[in-house]
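Look for chain A in each of the two complexes below; its partner is chain B in the first and chain C in the second.
Now for the complex of A and B:
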């Protein structure tokens, strides 16, 4: 096994030498082109495109969680809370749920005469992002003094609190109206309308695909830019050594809360999109399992590695929504076994994760830093001449 | 340099860049630092010595804001920093190194030093996302500055891109000092900088401390165990024992102080 891996590693090195330096950009363009073309190869309501819409939504979730867990090193087990809040933001601002209100902002034709709050789809996404960013900062506050496992417990509790509030929402009255639809859900949501595309529907799901594709590209752009910035460096510094980081002038509270807020905002926007796409905001969906599912994507792909997380999310979502239920489901039956594969779904995930942790603990595409740590080995121990330490500084040399 | 070898303990309360006034720190029932007062004259090199557990590092942690003093007052550059946050204190111009090197292991040497520039940079979330021309310029300037600082402490160019955790012990010490210098400090706190060094390396570092002080108009406060370094470099020495200041003055004077000898060697007969 290890020999096989060594051979593969050599091959990769050989391929990397052979490729021109701009290959990564070329690959990115190629992938974007492929992504744009993909839905055209299938019918306009195909099950595969549906799967890819869900997968891309999960890519966005995973990229958001990666900011918190991967960049800043804060283990967040309550990410489902932001999925829920984002979804509810859509439910509240884009349906007749708050039936006593009558607010219409930049909405299309007939929607203008419906009761309730109806905002333009883009506005709702922005509101969802802002609302969840704020919620993310709030959940961040009690975890500021905590480390590692304790952060995980507090965030897990936060996720559960949001879920329980969502379930019991019908009993919580806001201006005489229920807060959530509970298990019955909020239904009758507005189909998004965008100029140039028109009204979105379930009959032609390609527009949904392009919207989430654009959102993922935007998320990627922001993630890459932020990772390679002063803020990204500060997150990594905090992750590596909190005491040293604050002693170097990094404001602890602000930097951590920004990680929570930014990570939550992407979760909220993705949640709002998913709410719109599924047209039902059902409190039963906001399970702890969701947080684990997204976290698995991040870990499978490689903590802190943007491309790894994209790959991890695409893989797990496709296995979950396409491969197991649609392609391989009848496989046990073909072998004369009396069960369907999707009954084993959770065990399959567990097995895959264990496999990855054993064979490739750093994730499928590890973060550059972790890769360096693993491949660079122990630094060259150079033997210095006695007395030469510090002597590279000649007297009279200009000060920086 | 102006403030070399100040004459006596009483004479220097003016012109002090840092003054601690009767600072104490309790951990539960334990008094780690007790009523310690100290004045650090501008552009001087001052040592704090004392046996293990004397409260030296605790005192450092209060100066840098990691601990809040139980009582007392700390004034830096005529500003009360007793209750200030560590990052604010760094921004005012206090930088430090740690007893057991605390570099960011997953970052390269250069990145470590760029982090030291953090408090002199401005780009936030929107700066990062838009990457406006001024943000690019700021990043480039920070990297150039970090490279200069690394050369200044004697790191070789080919080591700049190596992970900090892969550098040799001596080089990690250099990077840590470079990281502290990158924040443009007025006061540099060195916590046992020569720990683990051989005598030649210690001597070289002693020279380097003087050089930093002269080049950068820096005030240096160090915790040190190596008496050769302490006696060679410091203009003043403060001795702590069991959290209390037991002696203070020029090195030669402190060396002969019976209480100091007692603290280190125990009481005679």
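Now for the complex of A and C:
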């Protein structure tokens, strides 16, 4: 095993020597081009493009959670709260749900004459981001004194509280109107309208794809810039050693709350987009399982590693929404076996999680700094000369 | 370790002296006040304004303590189940600092095993008293063994290879195993909740003390939980292996140097935790008389909350947390309005947040690296 890995590392080093230094930028441009071209290769209502829209939304969720968990090291198990709030922001501001109000801002066509609050799609996305950023900061306050798994349990509690309030929302009255649609959901949401594209519809899903693609690019840009900024370095310093970081003059409260707020904002915007895309804001969706699903993407891809998280999210979302239900489902039949793979869907997903984590505990594309921590002491050697020191000790079997 | 334990002192030293004093005061009394608020409020409420009840077929208002007494007692018997599951969380967390997400689902498998076992050996309502007692004892042993073995297996396959991995990696394998076990449960009993034969006629009243009825199922829950908790406390506190467990929890490296086989000790911890979850599974099946493949998730969440509430890593704390959550749940469930079962999770988790804010180390926990 270790010999095989050593050989693989030598190959990788050889390839890296052979590639020109600008290869990673070229790859990024190629990938963006490929992403832009992708929906044109499929029909305008194809299931595959639908899956990719969901996957990209999950990329955005995962990148948001990565700020909190990966950069700042605050384990957040209640991320579903921001998905819910973002979705409800869309439901509240972009449908006739608050039927007694009559607000119309920059909306198009017949929507202008409908009762309720109707805002322009872009405005709603901004409002969702602001609302969830605020909520994220509030949720962050009680966790300021806590560390590690205790933060996890408080955020989990907030996630569950938001879920239960969403479920029982019809019993809560705001100005005589129910707060949420409960299990029936908020339906009849406005189709987004953007100048140049027109009214979005479920029959042609390509515009949706391009909107979420643009949002993901924006998220990526912000993530990369923030990671390399003063704030990003402060997060990483807090993650590594809180006491040392604070004594170096990093403002603890502000830095931590900014991590919560920024991570939550991306979750909220993605949630609002998903609410618009599915046209139904249903309280049954805001389960704890969602938080775990997104967290799995972050950890599987590599905590704190932006490209790892993107890869992890794309992989898991595609496996869950496309590979297992659509592609693998016919497999047993092809081999003449008489069982339905759908019944094993959850198992397969769980098995993959276990397998990947046992084989590659540091994640698919580990962050460079984390890699150093993992190998404790022998790490420096490895980073300086890839391919030489690795054959000696593997992180999994590091002798105690 | 030392740098970490400095942090809370540094944090609490900051700020205005008055603020520090208020925080100290709140930390000491605020929690007790918060926990006592619901029972005390309803005790006074029942005595002063009374509660509606049927006496001899007539609807009247009664002013006594039997309603709140019933709430408290049923809360305790229900909380006994959470306590058994919470011990599993607290043991595992104490020894390897892992939130064992699969634990709730091990408990679910325990319920399914027990119910499947007594259906398999043909226990029905017609079986005699001794038959039921022996059958249930056998089912208890079987479900404890199955769950213990399952937990050990999960540790061996999923957590041991990740002993030196980043802290969050085993969390994800735990989630993976949780999914796998849920799928096993789904294939076993199907998607909808399944009924369980009420072998002990759980709703029969054994006796009642001043209006508080004690049902057979309460006797079962408390009668199994109390001996198990006493046995466990003795085992951890008095035996050689228990000492090895405590040593490993404190410092695995030093324990290894002292000649303790750390891997075996961790396996033993998982065995005990799993066995207790199996016992809880059997009690739950008889107590609720319905089992479902999703029960483990919710029970796991509640039990983990109980473990954190009591101070994670502390066995007595887990039991106390379980009982408190049971009581809060019963009060919220039965007092509708203003509460009602649909709001119970909000109240329970609200309490959790309040406890974390006022006393992050939990009710009985010691100061640790993680909580100030």
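In this section, the second predicted complex is superposed on the first by the 363 of 400 C-alpha atoms of A that agree within 3 Å, B and C clash if a C-alpha of one lies under 4 Å from a C-alpha of the other, contacts with A are read in each partner's own complex, and residues count from 1 in each chain.
The definition used in the following text is that a residue touches a chain if its C-beta (ideal position, glycine included) is under 8 Å from a C-beta of that chain, and two chains touch if they have at least 3 such contacts.
Keep in mind that this is a model prediction, so the values were computed, not measured.
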Mind working out whether A:38 is in touch with chain B, chain C, both or neither, as first, second, both or neither? neither
Between chain B and chain C, whom does A:364 touch in the aligned arrangement: first, second, both, or neither? neither
Answer with first, second, both or neither: which of chain B and chain C does A:353 touch in the superposed model? second
For A:232, decide between first (touching chain B), second (touching chain C), both and neither. first
So, does A:241 touch the first partner chain B, the second partner chain C, both, or neither? both
Chain B versus chain C as contact partner of A:250, first or second or both or neither: first
In the overlaid three-chain picture, which partner chain does A:303 touch, first (chain B) or second (chain C), both, or neither? second
Shared chain A footprint, chain B vs chain C, residue numbers 241, 243-244, 246, 370, 373, 395, 400
In the complex, go through chain A and note every residue touching chain B. 221-222, 225-226, 229-234, 236-237, 240-241, 243-252, 258, 262, 369-370, 372-373, 376-379, 381-382, 384, 386-393, 395, 397, 399-400
Chain A partner contacts - residues on chain B that touch it in the complex: 64, 66, 85-87, 90-91, 95-96, 98, 102-107, 111, 114-116, 118-119, 121, 123-125, 127-129, 131, 135, 138-139, 145, 148-149, 151-156, 162-163, 165-168, 170, 174, 179-181, 183, 197-198, 200-201, 203-205, 207-208, 211, 215-216
Partner chain C, residues of chain A touching it in the complex: 69, 75, 142-143, 145-150, 152-154, 156-158, 160-161, 164-165, 167-168, 171, 241-244, 246, 288, 292, 295-296, 299-300, 303, 343-347, 349-354, 357-358, 361-362, 370, 373-374, 395-396, 398, 400
Complex interface listing, chain C residues touching chain A: 3-4, 6-8, 10-11, 93, 97, 99, 101, 157-158, 161-162, 164-173, 175-180, 182-184, 186-187, 253, 256, 297, 301, 304-305, 308, 312, 342-343, 345-346, 349-350, 352-353, 356-357, 360, 369-372
